[in-house]
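Next, two complexes with chain A in common: one pairs it with chain B, the other with chain C.
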Partner chain A sequence: MATEKTDVVIVGMGAVGGILAAELGKAGMKVIGLERGPRLSTADFSGQDELRYFQRQDLRPNAKRQPVTWRASANAAAKPLPILNYGNQAGGGTVHYGAVSWRFHEDDFRVRSQTIQRYGSSAIPKDSSLIDWPLTYADLEPFYDRAEYELGVSGKAGNLEGRKIEGGNIFEAPRRREYPLPPLLADQSGLIFEEGAHKLGHHPFSTPRAILSQSYHGRPSCTYCGFCQAFGCHVGAKSSILVTKLPEADATGNFKLLTGTMCFRVNSDNSGRVTGVSYYGPDGSTNTIEAELVILATFIYDNTRLLLVSKTRKFPNGLANSSGQLGKHLMAHITPRVFATFEDRFVNIYMGPNAQKHSLDDFNADNFDHSGLKFIRGGQISVSPADLEGGPIGAAMSMNPPPGIPRWGAAYRDFLAKYFARYAAVIAQTENLPYADQTIDLDPTVRDQWGLPAPRLTYDWRRPNELARIEFLTGKLEQLAAAMGATRYWRSPMGAGAPGAHHEGGTRMGDNPKTSVVNRYGQSWDIPNLFIIGSSTFPTMSGFNPTLTIQALAYMSADAIVNRYKKNPGRLV
Partner chain B sequence: MTEHDPGRRTFLVRAIVGTGAIAGAELVPAQTTESPKEANASAQSHSGEDRHGAFFNRDDAATVAAFTERLMPGAPGKPGAHDTGVLHYIDLALAGAYADLQDFYRHGLAQLDALCRKRYNEPFVRLNAARQDEVIRALEQGEATEFTWPTAQEFFNTIRTHTMEGMFADPIYGGNKDFAGWRLVGFPGAQPIFTRTDLESKQAFSRAPVTGL
Partner chain C sequence: MKRREFLTLPAAAIGGTLLYTLAGEPMRLQAQNGTVRVPLRFFTAEEAKVITAACARIFPSDASGPGATEANVVIYIDRQLAGPYGRDKYRYTKGPWVESYPEHGYQGKASPSETYREGLKMLGDFASLSPANQDAKLRSIEKSHFFQLLRQHTIEGMFCDPMHGGNAGLIGWQLVGYPGPQMSYRNEVDKHFGQPWRPKPASLEQIAGRPGKPWEDEKG
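Take a look at the complex of A and B:
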């Protein structure tokens, strides 16, 4: 058993942990980073392989050894989820993600007040725990800008300081300057999506992605190989934390990364402060780090689980949980899909960055009038391969064949043979509202490889507001497929209520210690030297992918810690 | 029971002989739902790709070969499970990455055999293609109460998944022989680069498939 002392310990070296490690290290703070998985390098990704990375999820937690269970309601038995959509290595999910990098809309930060103002409070479902964020888009804009420029994001502005620009996303919040890099090239699926969307009067654009369209900061540009979502980048053109912030953190001389380590407890004393963490080493040893500042930067399940298992006499319901909000308001993107096949052309959708290739934002957030509709909020629409990954295993696993064709046999073989290179999926990534009874807690029976109780999700998106939104957006997807020139299009089944990708919630931020776990900086209301940063703090989720917002929040927290907390370690709000 | 047990020895010898007879006589379904031409081609193709030995015994290998060939049947110019080496892929996977599914397969195959013997008095490999398809459809629909663990649908879905993996995974894993699966669907493998012309093309991509990068 080893014990060591440091200024800061960060649990989890992903989208948040890497940024904090670099920024705090630069400010002279001694940082130790704990990472459950290994530290890989670009050289590790030279053999792109759909079986290993997409199908067997080699860059994600092993669903058997690190189970997360799910049940649709408190009355149902929870079972382990077959696939876990987050990272399991230094760099976290940014190593294998599709690198889609959005700024949230202005109204994404004030969903409750926006809804009441435009449609009246009766438009909000009675059982939803919908609230505004404790910060505005304007508060976060400088940090979005910094994240885009430091990491390297490619895209085209659609709103420069209020001036709308065709070809970019005209629904985006105002930005101070252009993207640091021009948009990535569109492939055939993007071009026909663009054409079809224009026919319908929509506003399509190249999805902003943290993938380099030109060389930048010493890294080469994208080769359009198509292995992004689920894969590590073989040239380092994806702006993952692994190739951006971790080298910066190393260069400070103040950062030490411990891989293969599993934090199992946040330690605290009776003074109302945390004293550090305990973790299992790669050899199974039990070790302790004493730190002035503890930052939890894991995926949302582990942020919540760590606090739950670290309960004390003072916090019997979980550390830092005097509000009783810990583990509540779990959200996830639900993604209806329409598959489209083309007779007059090949689409070859396996080429080019594979997630959400080309997009439109006309039906996201409050960008359209919901009067007379039976739901609020919307979704981001894009063209993609079947499961955001372009290979044939992905198509065989994730694309249901059209009605009349079975999933096997000669007819299925012929379907795949003809249409694998002639299909596109049109998808909507929908914003779902927070509900207090959608939760993360500890599974009473299932344990992980370290003997810790598995995180248990209780969640079912099939609520009236969500069902109506999905039906509305699926209709839009069908219109798009037709406008794109598809000879046949059909829906994908919607499944049994399980959470999709991009989970949010569990350690909600707010401006009231009684109704939230952390403040806008991710600082615990109960314990000022404990920070929890990541999408677990999101009060609402947006129809956009969360990572750039997670990274902007990380920069904002780093700024507050370096410039204010360091001098005066107390409450920042 | 030790390796010197004469009773076990006799049993093993019989089992091997029996399986050999079954495999030799009628791995190929007598009747199929495809055209006679396709079924014929399928029969001719059963020559050299049923490699196994890392995990499956001969009985089980024959059953898996027959089952996966019904899921993805081969035809002239259209390679199927057999042609691409799906059995070889699954055999290697169960000896390695999917070792935790060994008993899943053992039980599933035993249940499949019991079901076929109960309904048709024959093991799966001896049924004609129409009957094999009937059995597979029953598993897919969960209409097979003979299955407890794995359930019929779990068993079907797993074999389907592994068949697709064997058809379309990089050949390094033992299937997708000579890129036959990739050629079937027009996937060029792990191409290190696509140009603007490639991206915008409305034509079939013509460069040969490559492995790795």
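Take a look at the complex of A and C:
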């Protein structure tokens, strides 16, 4: 059993951990990073094998060793989910994500007050725990800017300091300057999506992505090979934490990364402070790190689980959980899809970055009038391959054949043979509301490879507001498919309530210690030398992918720690 | 030790295909006298015939195109079932063995290899049935976990990189017009608008200039 002392220990080296490690290391703080997976490099991603990376999800957590269970309601028995949609190596999900990089809208930070102001409080479902964020878009804008420029994001501004610009996302919140890199080239699916959207009077644009459209900071530009989502980038053009912040952290000389290590407890004393963490080493050994500052930067499952398993006499319901909010308000994107096939044209959708290639924002957030509709909020709409991955296994496994075509036999073979190069999927990604009874807790029976209780999700998106939102958006997808010139389009069946991609919640932030786990900086209200940072702190989720907002929050927390907390280690709010 | 079983295949389909021995060493099969004998790892020769026949109904070969038989889907399945995947490397396998929501996927006890042993019993003398009776047989088991796996594996065997044993001669990719894992479309992505783009597909081995190694043989 080894014991080490350091200034800061960060658990999880993904989107958040890499940024904190680099920024705190630069400020002279000694940082140890714990990462349960390996540290891979760009050279490891030379063989883009669809079976390995997409079908068997080789860069994702192994569901056998790291199970996560789900049940639709508190009355049902939870069982392990077969596929886990988050990271499992240094760089976390940014290694194998589609790299879609949005700033949230201004109203995404004040959903409750925006809704009441425009539609009255009766528009909010009674069982929803909808709140505003304890910060505004303007507070976060400098850190969005920093994330885009330091990491490298390609896109076109649609709102420069209030000036709307056609061709960019005119619904975006005002930004101080252009993106650091021009938008990625549109592939054919993007072009027909744009044409169809224009016919309907919508405002399409090239999706902003953390993928280099030109060489930047010594890294080469994208080759348009199409292996992004589920794959590591073979040239390092994807601005993952692996090729951006981890090398910066290394260069500080103050950073040590321990891979293959599983943190199993946050240690605390009776004075109301945390003293460090305990972890299992790659060899199964039990080790301890004593640290002045502990930062939890894992995916939302482990941010919650670590606090629950670290309970003490002082915090019998989970460390830093005097509010009772720990593990509550789990949210996830749900993605209705419409598949479209074309008789008169090829689309060759396997070319180019494969996730949410071209987008429109007309039906997201409060960008449209919801009067008379039976729901609030909306979703982002984009064009993609069937499951955001361009290969033929992905297309066949993810695309249910249209009505009249069987799932096997000669007619199915002919369907794939004719339409693999002539199809596109139009996809909505919906903002779902927070509900206190959508939770993460500890599974009573299922344990992971380290003997820790598996995270258990209790979640069902099939609520009236969510069902109405999805039906509305699916109708928009069908209109788009028709306007794009599809000769046939059909819906993908919806699931039975399980959470989709991009989970949020569990350690929600707020401006009141009685109703939230952390403050705007991710600092625990109960324990000032404990920070919890990531999408687990999101009070609401937005219809946009969360990563850039996670990264902006990480920069904001790093800034507060370096410039304020380091001098005066106490509550920042 | 089990007697080594072989599958005899027409050379036209498989000649020149790279396969892997049990030790993970690449081995180039060469056609001899119009047929090649492929060593089997999981199936017996008789079982391989049944699975070949079933895959051929899921992804048939006829005048309009090649299918699972020409792509050597059965070889792909044989290698998957003999390896860690067949022993349930990817699934939580400690129960409680209760089915509920579709998102949970299969929650039963059987590993993929065990599921195939059971499935082979369901298929019986499948290879000797007429095509119409074969289809009727498959329809009768369409809801079974075995059939779901068989369909999935047929698709994987049609379209995987040939280093995994299927997609022989890149037949699956040629069938649908997929160029393989090309490392760049920078010069193509904004061209060919509405038009087909069908270069000769390339496998990972051809692209990398050296044999790949299927990762399921690399890790336990």
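The rule we apply is simple: the second predicted complex is superposed on the first by the 573 of 573 C-alpha atoms of A that agree within 3 Å, B and C clash if a C-alpha of one lies under 4 Å from a C-alpha of the other, contacts with A are read in each partner's own complex, and residues count from 1 in each chain.
In this text, contacts are C-beta pairs under 8 Å (C-beta built on N, C-alpha and C of every residue); 3 or more make two chains touch, one makes a residue touch a chain.
Owing to the predicted nature of the structure, the values given are computational and were not obtained by experimental measurement.
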For the overlay on chain A, clash or fit between chain B and chain C? clash
Just checking: does A:T445 make contact with chain B only, chain C only, both, or neither of them? Give me first, second, both or neither. second
Now for A:D283: first (chain B), second (chain C), both, or neither, which partner does it touch? neither
By the touch definition at the top of the document, which applies to A:D369: first (chain B), second (chain C), both, or neither? neither
By the touch definition at the top of the document, which applies to A:E161: first (chain B), second (chain C), both, or neither? neither
Please name the chain, chain B or chain C, that touches the greater number of residues in chain A. C
Which region of chain C runs into chain B, 24-32, 96-104 or 150-158, after the two models are superposed? 150-158
Report, in rising order, the residues of chain A that make contact with chain B in one complex and with chain C in the other. 46-51, 55-56, 64, 185-188, 191, 223-227, 234, 344-346, 348, 350-352, 391-393, 396-397, 407-410, 412-414, 416-417, 420-421
Residue ranges of chain B in contact with chain A within the complex: 33-34, 38, 70-73, 75, 78, 80, 97, 100, 133, 136, 140, 160-161, 163-165, 167-170, 172-173, 181-182, 184-188, 190-196, 198-205, 212-213
Which of the residues in chain A come into contact with chain B in the complex? 46-51, 55-56, 64, 185-188, 191, 223-227, 234, 344-346, 348, 350-352, 391-393, 395-397, 407-410, 412-414, 416-417, 420-421
Counting only contacts in the complex, chain A reaches chain C at residues 46-52, 55-58, 62-64, 67, 70, 72, 76-77, 79-83, 185-188, 191, 222-227, 234, 344-346, 348, 350-352, 391-393, 396-397, 407-410, 412-414, 416-417, 420-421, 445-446, 495-498
Can you name the residues of chain C that touch chain A in the complex? 57-60, 62, 64-65, 67, 85, 88-94, 96, 98, 100-107, 135, 138, 151-152, 154-156, 158-161, 163-164, 172-173, 175-179, 181-186, 188-190, 192-197, 204, 208, 212, 215
